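Two complexes, one shared chain (chain A), two partners (chain B, chain C).
Presenting the complex of A and B:
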């Protein structure tokens, strides 16, 4: 059924009598279609599985909810207390690997938070100064001394607020929540005024500013921004902030409001500023925040399989999810039977762990909630860093599994060490992922002299990866600067490393914002996704191509030739397909378990 | 009143209010803020809550954005569109959204409606603030606004409902002028006619506007005044407006029979006809002590024996039966002008003579008219003939295979596929185009605020789900929108087609024509849409080079 589906869709989607260029699009699409038959079946099965999974979990939750919740919040606060002294967090790896992954916005490298700047400062003219003067991004809340009377506060480019339906402030990105009580009450008044009229306010626009509202039961979230991002992106960011809150507290916090509408939630979130500020920071460097997909650390197929095998072993012994990650990239991931993990949950979980210093220094056992998996119940996460960037998460439903999970971790760590997985991971971090400069040449034209080190059908484990000293990219063929490929069935994406001229975090953020616009423009909720888009402005040529199997977003020099750009996109897709064993987690995806 | 309350359910569709933030500051006097509210039969508490929310958000948004307060509120079921017409004088339109009823709006298109209401009002009565200063009770402004806005809205009545521009109108642009393509020889004739007209009046500083059918041929007015007078002429003075008697608003303008029929399924609209009837009987809160003229009333203009258009809207000269000559205010100079309109076949000439230059009132005006007839009759005949010969008819500007809209923002000129052709497009294509225009609107408003890159150069080609290509291109204040529905088109093919079109119409690079500083400039668009400029008084050449 699925194969006929994909066949017919390619015929529909594409010109039956195509011009040569689009013909390439089409053949590729057909291959994708037939190649993904198995995955499609899995998706169907997964859909059912997920239902069962959640209902199972829901019932489990109902039985022990009350107890768990109280218990859980207590536990959270325990963790929180340990976390509060993390102000001066420094990423140990930061200075030692300037070229680590090309995600210069990553923690520890010179991530810059432009939004943090007061808007005038961030003008283009001042761009270089801003860049030079930026220190590393520091987690946690700044500008606590400000409130809504301060001019500097009013000029911040992007505010986020969480408040309760009675108007009590819960979180503000800038300024002291307590001082913002009056402002918070105003936001609440706007929301309830519209609500009383039988409607629900979504957006207010004024000049360059947008005020975006999101109501989640008794919790109100508001973003005030002049960042040019589309409404849908800002709303998505609010959803993630809400999810992050649920991850810490579960949705059962709503019941506190049922009992007492004036309930003050701030103490429950005490010390979690770093978690939110790090999430907000990731909005400007992590495409997972708008793609709703995760990314993997590129690894030889065999290496990832070795990691997967040992995770799989422990997953059979009462572990719900076993996840091995390096920074925000997945090394391997295994879910117990019938359990699947949403990419947003992975994003929120890894943000929670990476932003909390205490997880780095000791092994931890912490209650967390996966909002997409089951927003009502806590799971328990055993977390242990295996080296500076690589950490293992074992999730379970049982609150007393610490010692068992500790044993599991010891087994896993031994196997990973023995099979060199950890050193491969470190090497991959140094090598980085796909570089546009390495895009294999068009088979029809003369091959490029620089042989692509990446993406050849290589011998497993020790594929010859040239070690790169600080990598200075020059851009790919036809003015290709960057691309993101998102596989729809795998819910994974691969983003190429940044190369010239998109060097500074500032430029990278601008590019991500352009991608967000493109993403929003392509995914029109009302009318269904568009198929292709070509967009040229003074900064870039952007090409987007959405098929039932994948989405490609590519950035070119604004002077790029349209025809060549299309050809290049075809080559990128082919390239990704050629190396998909290494860049994606295949088979081990949550779907296939 | 009974009628009105029976129909109060109609207010679900659309609300429109005009209010003054400087009034009603004291608690309990909030009603004083309201200058106009539609529907008028809505309970005051509801009216006040609309204005309260608007005012609240204007104040709130100024915290972060002092330079531009609230422009729009998007809620799940309604859009609130804001327009600050004059300092602290706000117009807010609230429309209900409904996918089923095709009530899918483009905010900028709705804002254009508010802008047009205000600029037309200014043209006839001057600024709202001035009238408020003259009569601080607000009685005068209310008694003027009510019939004026209601007359304006009645143009949007389709059956019993108000039909505002929706996504189906995405290839039209309100607030712009549509021009006739004229050959070189005809252009020279037109130019000499203009000279004769304006000098024939003998007075200093006359202005003229010439239309052929519903299209502008020439103007010597400033761009803003041209837009206003052009809009009024098309709505009330053009041969079509005079003959049809039915509403021929700009949106339905060139859509003769076919598009009138096509007007579309049940739009999310307002059943308000009762209120319009009510207007004719007794307008609420209006007493007749203000002698309100209603320039937008229908069927009040007719063609006199001498070819001049007459109306009794402005009353009659005291002690005689001769109707008074209408007067309007020019936005640019603040001058008050007599409006003399002359019609010969499809040609409409509008001559504006300063009140200050005619000392003896109506007598002087009729003298001017007489002079015009004497000096220009022959030329008028000749020009009409020339233009008629060159006129390609309803579909003259149809380019087959393309559905397009060209806008020159700098000169406020637009040209579009004939409405009858646009209606052949699939709903999905129109929705995609409407959405794309919204994106471009946002980009435009952003670059307006970062003055740095005012000249936004943007090109977007989208292949929509239904395989139509939806294309937008902006460049230095020119915008081109295009829908290509032909199947089997690749991106390269689509952009080729686009380039071919752009080559023929170089993004209006040199089309459009409104006078600069009162100087006449003709821009002649040949039938092949090759653009040539001839004719000028002083600035023509500079204009071309600009």
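Presenting the complex of A and C:
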């Protein structure tokens, strides 16, 4: 195992005395969540971690240990094709051989080879990550001058490509698509080589790089990454990129390839680089990209009700979906009868709107497609920003509904202004959502009213709401740093605000990646759904708890006490329950429409 | 709306033209008096309204600033249907955009409202050094096709108000009665629209 792998799998390594904790874990009384209990399965944690490592490849991986041992030696070089259940993994062994550490043996020119050694090191350095950091992020495509011969291009940690089945480039995260024609053709050759054998290629591992393939009819998507994310996560990201493309063009773009297999799709996506780059950026800051749930802006119950009521009014008049959002958070949303909106569609739609500056200048009426709703047809979206962050989207099937939707918007805007919804939205944006420092004390030892509610402006000096364990340094009680609570029934999640130790976008991204890994392992069908997971590494303690109703992902100080951490998770769940009226949009589950 | 003895005309106006010709810049200059050097490309179509007074009439423009991107071409009828006026915009420093403009003129002549007032705008007139399309060439083309022609610059505001004013003037002469604005409803199956978007 490589060193980074053993780090992440060293569960409780730092714990000098695991037995009493196990005992504590076992004997804790967990009363929340409609009778769900944390099931004690800590004993085989070590064994499960092993599974974890190999589940990066799912059923594909046959010899990950094998090649990782070769990693340091690098004398043997060869390509091994393995077939298991009609799925193929290609192992490119000997990554320290200069020509093979490039992607899939592409362009091993001697001039570049010496720098490939640096690549392995530079990839791990924090310095290199600056390229991806949120602070440094600017919309739009960067590094267009690069191509696959550029050292800088080859050093990028995560590439995304869209290409056609004839090997024509359609989109590349970095570099100019047209200059990457040769590289695209190589990717296409790999895919078709395996397809000719009646198989499908899903994943190629080459040293630290994973090459993930997703075939969608005539459109191929490829991710080349050395971010150590699980295969399922990278595949999920490719699915979203494909969805974003469908949102812009609909799936009927496939017909162009039926007519002309060599069809060049790049002109059709003209001007959308910014949409894709913003989506890819959101993979590192927006948990909705892997939770498949949306999040609401915390608002007093009455405020959200007022917004919902007026949206309901217009939804009755031929509007398919009426959605009011503030940045990536939902204020309220309403669908026509039996119309349900998938959280992924909401993510892609809001990304499309927020990344395109053009929507901010005026009211717009644009064709868009919701891939999960109907990938074949365009809907028409009336979009209007009501203030700098808040925007209204009215979706309809009728291409001549503009003036009607414009009237609807005028009505909605008037009501929202009158009922102060817009100012409440602004205030909530400033106040933020749930802060771990505000976690109320033990539910049994505090009066109900002490639980902090949103929209009831309490003075910060109101000390009972600021509860801290005496020994906790930073973050919340018991070393709680952060949590995400996902309600399965509502398809919504709430994430606590980032504070003290997890301040930088870089740290946040790392934490989301850790959550992503957790999420993948908890939803791994092969291993059966885990109920709980407790992991400790040098960065943090992660605790995950899955019940039929909700999933909780919590992060603690790496030295946090396990028993206390579990207790704290129970309190978080209670807290979420106490304020669910304010943090979730209730009665709007797509299934109840 | 003003209810004077004057004529009140509601006129739908559509801007068509190649990507980057400056349609949005022209509209923003006319409606908001603004100009940004790097205008982001328009998605679908943006809607603006602006009122102009000409002679004895008040013309309220309902302006559709369409996206020049290829994927939206087949959806253009949705925006120009029922339009009383159109400005076809090209970039004087880009020959291809002039060719694209001619295509739009053809399409409007075939599909558009027959009484439509059409203007040809050679935009980016401030870029004299980079000129690729001669003003005379465009002038001749415009005359042959019954358009009126102006070279404009959204950046310096040259001729921007003038071109809208000229359209308003012509509309007030053409249309003695208020024009019922709005889009004509036509059934276009979404399927067909979508596929046409990609294979036009």
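Basically, the second predicted complex is superposed on the first by the 423 of 593 C-alpha atoms of A that agree within 3 Å, B and C clash if a C-alpha of one lies under 4 Å from a C-alpha of the other, contacts with A are read in each partner's own complex, and residues count from 1 in each chain.
Note that in this section a residue touches a chain if its C-beta (ideal position, glycine included) is under 8 Å from a C-beta of that chain, and two chains touch if they have at least 3 such contacts.
The model shown is predicted, which means the values in this text are computed figures rather than measured ones.
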(message) One more residue to check, A:201. First (chain B), second (chain C), both or neither?
(response) first
(request) Check the residue A:411 against both partner chains and state whether it touches chain B (first), chain C (second), both, or neither. (result) neither
(request) Of the two partners chain B and chain C, indicate the one touching more residues belonging to chain A. (result) B
(request) For A:271, decide between first (touching chain B), second (touching chain C), both and neither. (result) second
(request) Figure out whether A:228 sits in contact with chain B (first) or chain C (second), or with both, or with neither. (result) first
(message) After the superposition on A, what does A:253 contact: first (chain B), second (chain C), both or neither?
(response) second
(message) Contact-wise, after the overlay, does A:186 reach chain B, chain C, both or neither (first, second, both, neither)?
(response) first
(request) Determine, under the contact definition given at the top, whether A:211 touches first (chain B), second (chain C), both, or neither. (result) first
(request) Going by the contact rule at the top, pick out the chain C residues touching chain A in the complex. (result) 19, 24, 28, 40-48, 65, 67, 69-72, 75, 78, 182-186, 188, 190-191, 193-195, 197-199
(message) Taking the touch rule as given, give the residues of chain A at its contact with chain C in the complex, in rising order.
(response) 248-250, 252-253, 255-256, 259, 267-271, 274, 352, 356-359, 361-369, 376-378, 381, 397, 399-400, 402-403, 406
(message) Going by the contact rule set out above, which residues of chain A touch chain B in the complex?
(response) 15-19, 21-22, 123-124, 148, 154, 186, 189-190, 193-194, 197-209, 211, 224, 226, 228, 230-231, 517, 521-522, 524, 526-538, 562-563, 566
(message) Could you list, by residue number, the parts of chain B that touch chain A in their complex?
(response) 49, 52-53, 56-57, 60-65, 67-78, 99, 104, 428, 431-432, 435-436, 439, 442, 445-446, 449-450, 452-453, 456-465, 467, 487-493, 495
